[in-house]
C-alpha cells in the first residue's frame, strides 16, 4: 500500500509554520500574525483539497493512510489515516484555526508572552489536533493526546486572564491524570494483544479485531474512558473546563472547547466502543446516567452563572452530555448525531466564545451584570451573538438542531425515559441562552456600555461570518457531513454488535425519492 | 568451639555497632561504631571461611580492612573539617538541611 | 575441611582481559595520573592539564566501550562481567559524566572562580579563605576524585562478585563524600551534607558488607553465579539467605535513594555543589541500578518470588514518598532531589518486572533521567544572585521573561521528568511501565501512573513560576551567561532529551543490543 | 421548471392520494422563498435598506400572496383527489432508517393556511408601513415580519413533522424577536424571553411526539405516521397525542402554558394582530387537526384536548373580562377563542373542519380588532388603558365602524362571520359531551360580555382622555387593511358557508361527521344568541351608559384573580421560577464547593499531607539512620513473610 502524504502535510505545514513564525523578529507582531494566518489558510486549503479527494463510499475505511515504522521494538508505527468521522473533525480543526487567528488578532497584544509565541503555539496546537484525529496507531494517538496539552497550557498560562495560573495548572494536571490512566490501559492493551496474537501491536485496526476477555476489557476500558470523560468533560469531571475556558483568551477557549474536548467524545466513539465492545455495553448504563446528569446539570449551572465565559463553558458541559449520550446509546442515529454534534458544537461554541470575547474585551469585564442594552449600541454584535446562541440552544433550522435531534431520537428509540429527560434539556438551553441575551443585550444601556462598546468592525465580521454561514448551512443541509460520517458509524455499530431497534409498526412502504 | 558461636558474636557486634550509630552523637564515636560493624563483618567472614573451609572469607577480610582504612582517611578528614568550622563534632548539630 | 593440608598450593596466574576492562582501566589510570599532576605540577598549569586528562580519559573510555561492544564474557578471573548491560551502563555513565564534567569545569558563572572551595581545609569565612579567593586559586583536586569516582561507577555494575562490588562501591562513594563537601559558597551546608552522606553511606556499606558475609556463609562464595547455584541446589540455611539479601539490599537501595533509605538524598543534593549534585544524581543512579539488577537477576534470580513482594513495597513506597515530599518543597535543588527519589521508584518498576524488558526499560529510563538531571542541575548553576546560586523557588519567578531560552530548556527538562510525550522522560516511563505490565506488575504500574500524575504538579509549578508569574522586584536573581562548557552541556542535554523523546527507537535499538546479563 | 423537481409516490391508506407537484404546483417553494429572501436582505444588508426596506418587505409578502392565489386557482382546477400536492426539494437528514427529506405538501388544509397567512400577513405589512413609520428600526421590523411569514408557511407546508418543527420553531423565533422588538424596554425583553421559554416547554412535547412517531412507525412523514396511525397501539397513540397536545398548548397559549400570551402584548400591535391573534397562535390547532388520525385512534388523547380547550376557553374569557389594557383584553379573548378551536379539534371529525373554519374567521375578525386597537392607540399616544378611553366613536369614525364589524363577528351575531363557525362548534361539542357543550355556550355568553365591555369602554360612554391626548383617525395606509379585514369579518362567514363550501373543501383532508344531537339543532343557536345578548347587555349598561371610574375599583375575588391572569404567573413563579432560582443558586454553590471542592480538596489534602510528612525529614543524621534500620527490618520482614 502506498503512503498518502495528505495528512503528513497537514501535520508538517503548521509545525514548519510555527517555526517560521518564531523566526520573525519579536517586535514585528503584525508580520507574525499575518504569516500565521497565511499558514493556517494554507492548511485549511490543503484540508479542503483533501476532503475533495475523500471517497465517500469508503468512508468507513481509513483513507489517506500513511505509515512508517517509528519504534519498532514495540511495533509502533507513525500511522495516519482518516475515516469519515476523523475527516470532519480535522476539517473542523483546520477551519477554526484561521478564524481564531483572525478574530483574536489583538488577543495576545500586551500579554506576558510574545505575540509570535502566541500564534506559533496555536499553529503547534493545530498540528497536534490534526494528529490526534488522524492517528491510527494508538501510541501515536496517545502522544498527540498528551502533547496537545503543552501548547494549551502555555496558551492559557501566558496569555490568559487573572486566574490563569490556577486554571492552567488545573487543566494540565486534570488532563494528565486522565492521560496517564489511559497510558496504563494503552500499555495493558498492547500487552494483551501480545498475549493473544504473539506479537503486541498498537495498530487500531488489528487491536479492534482482537477478542479480549470481558474482565480485562473492563479494566482497559476504564482507563480509556476516564481519560476521555475528563477530556470531554463529563460531569463530575468537568470543573476544570469553566476555569480554563474563562481564563483563556477567546481564541484559546474556542480551540479548547471546540476541538480539543472533542477528542474525548471522539475517543469514546472510536476507541472505547470499537476496542472494548463488551465493556462498553457493560458501562452503558453508567455512562448514560452521567451523560444525562451532564445535560441537565450543565444547563442548570449555566443558568446560574454570572460570568459570560463560564456560562458558555457550562453550556458545553451540557452539550458534551448530549454527545456522550449519543455515542453510548448504540444506535446509528445517536452516533451519527454525536459525530455531527461534535462538528456543530465546534462552530456554534466558537461563535459564542469569539463574539462573547469581542464583547468582553470592549467592556473590560466578564460579568453579565456589567452589560445591558448592547443591541442598541452594537446591533451587529448582538445579532451575531443571538444567532450563535440560538444555534447553541439547537433552534431548528440551525446546525445544532439536526445533531441534537438525532441524538435524542437515537436515545429515545432505545431508552425512552432517558430520552424524555434529555429532551427537557432543550427548555433549559433556551433559558440559559436567552437569559444571558436578555441581561447583556437588551434593556436600558448603562453608561459604561454606551461609552466602551462599539459594533463589530470589518476584521471581526470577516471572522464571524463564515461561522454563521456554516451554522445555517449545516442546519438546512447537513447531509454531506452525514454521508461521510454514516459509514464510519456503521463500522462502529458493527464492532459493538448493535443494530437499531425496529419500529413497533412496520413502516408503510414509502416511495423512494428520486 | 562451634564456629557458629563466632557468627553469633559477630551478629552481636554488628548490632552493637548499629545501635551505637543510632544513639551516639559524637561523629568520631559514630564513625567508630561503623568500623565496629565492618569488623563484625570481618569476623563473620573468617568464621564462615572456617565453616566452609575455603580461604575466600579470610582474603575478603583483608580487603575489608584496606577499604575501612581508606574510609577512615576520608571520614576523619570530613569530621575534622566540620569540627573546625563548627567547633563541635556532634552529628546532631549539623542540622541546617532538613524538611 | 583439610583443603590447606593436602592440596599442593597452586597459584594460577590470573588472566586479565585488558581490552574488555579498558574503560575501567583507562579511567582509573587517568585518575592516578591526575593525582600525580596535583602533586607535581605548579598551580597555574593544573587546571588545564586536569581537564585534558579528564576528557581524554572519558572519551578514551567511551571509545573502549564502543570497541568492546558485543562482548559477553566474564573477565578478571570471574570478578567482572563485561556484557551488554555493563557496556550500556558504562557508556551511559561516561556520557553523563562527561556532560557533568563540562558543568564542573565551568569557571565563568561564579565571579570568584569555579564552584569549588579553593582550599577545603580553610575555615569558612576565615582570612585564609579570603586570601585564597583573592589569589584566584582553583580547586583542582576535585578532578582526581572525580575520575576515581567514575572508575568506581564503571566497575560497580560490572562486578560479578560481592567483594568487587563492595570495593567498587567504596571507590565510587569515598570521593563523592569529599566532593560533596567542596562547595565554594554556603560551605556550612556543603560540609553538613558531606558529613551526613559519609556517616549514612558508611552505615549502609556496613549493611552491604554484613549481608555479603551472610551470603558467603550461605553459599561459601561471594561470586554471584556461585550464590545462584547454591540457591538452585537449596544448600544451606535459608535464614542466612533471607537476612543476607535484606542487608545487601539496604546497601544497594541506599545508593539508588529508594525509600525508606532515601533520607540522605535531599540533604546531600541540596548541600553539595550543584555540578556535583547533577553528576551524582545521574551517574550514581545508573551505577547503583546496574549493581542492583545484577545482584537481583543474576545471584538471586532463583528466589525472585521471595524478594519480589519486598521490591513491590519498596517501589511503591519510593514513588509515593518522593512525590509526596516533593510537592511542598521550596528549594529547587531539594525539589529535584525528591523528584529523583520518585523517579527511582518508577525505575524500580522495571526491576519488579523480572524480565529483560524490565532491565531494558530501566536502562532507557536511567539514560533519559540522567540526561535531564544533569541538564537541569546545570541550569540551576546559572541562576544566581550576589550570594551565589538562587535556589529558592520564589527567586525563579518570571525567569521566562528575562531568559526565555534558559527557561525553555529548564521547562523541557521538567516536562521530561513529568513524562510528557515527545520528551525522553516519556520514553523511559513507557518502557518501564510496559515491562511492568508485561511482567504482571499491573498494580504497581497503576500506582506509578497515579504518582506521576501527582508528581506533575511540582514540575508544572516551576513552569508556572518561570513563565506565568511576574519577576521579583529589584535585586532578584539573574541568569548568568556561561562559558562554552556549560553551554555545551546544556545543549547536549536538550538535544538528547528531544531526540530520545521523538526518535525513541535509537535508544531502544541500543538497549536491545545490550541483551541480558552474562552469568 | 423548478430546480427542485421531483416525484413522490406515497401509498397511504384512508388519506387522499398524493400527487407529485407539477406545473403550477412547482411554485410551492416560492411561497417560502420569497419572504425568506426578503428577510435575509433586510436583516443582512442593514441600514443601507432603511429607506425602502419596508416596501421590500411588503413586496415579498404580497408576492407570496400572489403565488398563493395562483396555486389556489390551480388547486381549484384539480379534482378532489388530485389536490394533495407534494414537492420534493432535497434530502435533509438521513441516518439509518431515519430519513427525512425536505418535502412541501400543499393540500386543502395547508392551502387555507397559506392564504390566511399571506393574505392577512400582507395586509398587516401594509398597515405596519404606517404604524411603524416613526420607528427608526422599521426595516428590522419588516425583516422579522418576513421571517415570520416564511417560517409560518414552512410550518403549514411541511410534509413531515420534523420539517414542521423547523417552521414551528421559526415562528417562535420570529415571535421572540417581535415581542422584544423594543428590546430597550426591560418588560419587552423579559416578555419575549418568557414567550420563547414557555414555547420551548411545548417544543419538548413536539420533540417527544416526533420521536415517539419514529419509534412507533419508523417514519416522521405525514404519510408514514398518519397512514399507519390506526395500526399503532392505543397506548402509543395516546402518548403521541398528549405530546402533540403539549406542543399545541405551548404555541397556542393553552392551559397550562398560557401565561406568555398576555405578556406578548409588549410587542408592536401589528405583531399582536398577525402573530398573536391571526396566525401563529393557531398553529396548535393546525397541528392537532393535521394529526387527526392520531387522535382518532386514542379517545383519552382526544378528551385531554377537549379538557384543555374548555379550561382555556373559560380562563381566557374570564381574564378578558377584567383587563383594562385593551391589548391584554384582546389577548385574553384570543386565548379563549383558540380554546374554542382546540376544543373543536378535540371533538374529532365532527369538529376538525369547524376548528379550522373558526380559525380562519377568527383570523379575520381578531386581526381587524387588533389593528383597530392599534389605530386607537395610535391616536391616543400609545395609551392602552381603556379607562382613559371612551367616546372615541366621535373622533375615530372609521375605526369605530370597522371595530364594530369585528365585535359583532366575535359575538356571533348572524350573519356576521363568527356565527357560522362558533355555532357549529357548540353543536359539535354538545354532540360529544354535554359538559363541553355547556362550556362553549357559557363561553359565548362571557365572550359577549367582555367584548361588549371593551367596545363600550373604548368607543362609547364619556371621554376620559388625559389632557395631553388628542385622538385622531389614523392614515389611510392603516385604515385600508382594517377596512378589508372588517369587510371579511362581516361577510366571510356567510359566503364561505354557502352550500357548506368551506367545510366540503376541507373534508378530504380532515374528514367530516355530522353531529348527532338529542334535540333539535335549532335549539342551540337560539340559546347561544340569547346568552350572547344577555352578556352584551350586562356589559353595555355599566360601561356605556354609566360613568366608568378612571381608576379600577378593587373588585371582587374573581375580578382580582382575573386581573392577575388567574394567578398563572404567580403559580409559575411559585412552582418553577423561585425554586428554579434557588436550585440553580444552590447548584452553583454545589459545583464550586462540592464537585470542584472535591477536586481542589484532594489537591489540598495531598499538599497538607506533604507539608506534614516532610517534617519527618528532621535533618538529624541519626534519625535517618534509624529509618534505614527500620527499612532493613521492613525488608527482612517482607522477605520472611513471603516464606511463611
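Here are some notes:
Per-chain residue numbering starts at 1, and chain names A, B, C and D are given in the order in which the chains are listed.
Everything that follows uses one rule, which is that a contact is a pair of C-beta atoms (placed from the backbone, for glycine too) under 8 Å apart; a residue touches a chain by one contact, two chains touch by 3 or more.
Keep in mind it's a predicted model, so treat the numbers as computed, not measured.
In terms of the stated touch criterion, the partners common to chain A and chain C are D, listed by label. Averaging the CA coordinates per chain and comparing them to the mean over all protein CA atoms picks out A as nearest.
Of all chain pairs in this entry, the one linked by the most C-beta contacts is A-D. With centres set at the average Cα position, the gap from chain A to chain B is 65 Å. In this assembly, the C-alpha centroid of chain B lies 96 Å from the C-alpha centroid of chain D. Here the spacing of chain B and chain C, counted between their Cα centres, is 25 Å.
Centre-to-centre, using mean CA coordinates, chain C is 79 Å away from chain D.
The set of chain D residues that touch two or more partner chains comprises 603, 614, 617, 619, 621, 625.
Chain contacts: chain C has residues 195-196, 199, 203, 207, 266-267, 457 touching two or more partner chains. Annotation for chain A: residues 173 touch two or more other chains.
Chains touching one another, given as pairs, are A-C, A-D, B-C, B-D, C-D.
Across the complex, chain A is touched by residues 6-13, 43, 46, 88, 90-98, 101-102, 162, 165-166, 168-170, 173, 176, 180, 183-186, 188-190, 192-193, 196-197, 200-201, 203-204, 207-208, 210-212, 214-219, 221, 223-224, 227-228, 231-233, 236, 580, 583-585, 587-588, 591, 595-596, 598-599, 603 of chain D. On the side of chain C, the complex with chain A involves touching residues 401, 415, 418-422, 426, 429-430, 433-434, 437-438, 442, 445-446, 449-450, 452-453, 456-457, 460-461, 463-464, 467-469, 504-505, 508-509, 512.
Per the touch definition, chain D reaches chain C in the complex via residues 603, 606-607, 609-611, 613-614, 617, 619, 621, 623-625, 627-628, 630-632, 634-636, 638-643. Only residues 170, 173-174, 235-236, 238-240, 297, 300-301, 303-305, 331-333, 336-337, 373, 375-376, 379-380, 383, 390, 395-397, 401-402, 405-406, 408-409, 412-413, 416, 419-420, 423-424, 426-427, 429-431, 434-435, 437-438, 441-445, 476-479, 482, 486, 489, 500-511, 513-514 of chain A touch chain D when the two sit together in their complex. Across the interface of their complex, chain D is touched by residues 18, 21-23, 25, 30, 91-92, 94-99 of chain B.
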